[in-house]
Amino acid sequence: MAGYAMGRDDLLARLRRVEGQVRGLQRMVEEERYCIDVLTQVNSAVAALRAVGMGLLDDHVRHCVRDSIRADGGDEKVEELVNAVARFAN
Amino acid sequence: MAGYAMGRDDLLARLRRVEGQVRGLQRMVEEERYCIDVLTQVNSAVAALRAVGMGLLDDHVRHCVRDSIRADGGDEKVEELVNAVARFAN
Amino acid sequence: MAGYAMGRDDLLARLRRVEGQVRGLQRMVEEERYCIDVLTQVNSAVAALRAVGMGLLDDHVRHCVRDSIRADGGDEKVEELVNAVARFAN
Amino acid sequence: MAGYAMGRDDLLARLRRVEGQVRGLQRMVEEERYCIDVLTQVNSAVAALRAVGMGLLDDHVRHCVRDSIRADGGDEKVEELVNAVARFAN
């Protein structure tokens, strides 16, 4: 079990809100709303998803990586973390 | 009517796929899947949403901005576009 | 002649400041300063360079793209702009 | 002493190359080169700086953070790291 630090309930609540934003985007496109207004909503959904990603990374460092460094030096976890940060940060 | 260049149907299909990804993320969190795997899916949903944003911007330049430059010089639309790009690019 | 809107002098002043930041970074590395402090300076130089990029894009839309839309419809310039925005925004 | 993992010499060589890119950008602006070409060079300098930042983060996790987790649990370092990643990833 992972036991996310941000809290599983908080993560789920955020993801449900993002799902609502994405459904809202579909309605905006169906109603042929003004591009720039749709884009503003896209940016907002991206920011919300990135906050979820940041919460996952935060949790991962505080738990998995720390535990693994204590247990066996954490070489593999540290390598994996650095790669994950690189992909997340683009 | 906006008449998106990427095609309303293409935009909607992409947004429905993002909605599916976000629901998949909720399942992953409920099942307490490994943080790094969840994060990989977050990155994938972010990339899909940004592609939608890029399609909207593309369309906006090709249509609204161009029409408005032809009609009245487009001062306002150009200003708005530059601000939208700045927000989109962070 | 391009005649940048942000002003050639403003662009040059900003780029000289970035050059100074990058030289400052070299000194920090030579003095083996704390990683997180060096990283903060890297972020600051990246932000300064992105502001220069945003200024160039702004200028490009206001001048080249607009002139070309007026002259010949601007198909090529619009295509090029959209690609440039996509690369800039990653 | 920090003792960067990417290697102080590698970091310095990369930063000197970025300095050269930024000076090249100044020349391009002085010669009023085409905006999109200048922008391409800006993107390239940003990517080079971000690679330096990624190298610093990588090193920081492998050394400072790991040592501190082993020594005292690393609460402070982990907090600081997560904040640094958030700023780096925007």
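In this document, chain identifiers A, B, C and D correspond to the written order of the chains, with residue numbering beginning at 1 in each.
In this text, contacts are C-beta pairs under 8 Å (C-beta built on N, C-alpha and C of every residue); 3 or more make two chains touch, one makes a residue touch a chain.
None of these values were measured; they are calculated from a predicted model.
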| item | value |
| --- | --- |
| Most remote chain, CA-based centroid, reference being chain C | A |
| For chain A paired with chain D, centre-to-centre distance based on mean C-alpha positions, whole Å | 23 |
| Centre-of-Cα separation between chain D and chain B, whole angstrom | 28 |
| Separation of mean Cα positions, chain D and chain C [Å, integer] | 17 |
| Overlap residues in chain A, where contacts from two or more other chains coincide | 50, 57, 81, 88, 90 |
| Chain contact graph, described as a line, ring, star, complete graph or other shape | ring |
| Chain B - residues contacting chain A, complex | 1-4, 8, 11-12, 15-16, 18-19, 22-23, 25-26, 29-30, 32-36, 38-40, 42-43, 45-46, 49-50, 52-53, 56-57, 59-60, 64, 80-81, 84, 87-88 |
| Chain B residues within the chain C interface of the complex | 50, 54, 57-58, 61-62, 66, 69-70, 73-74, 78, 81-82, 85-86, 88-90 |
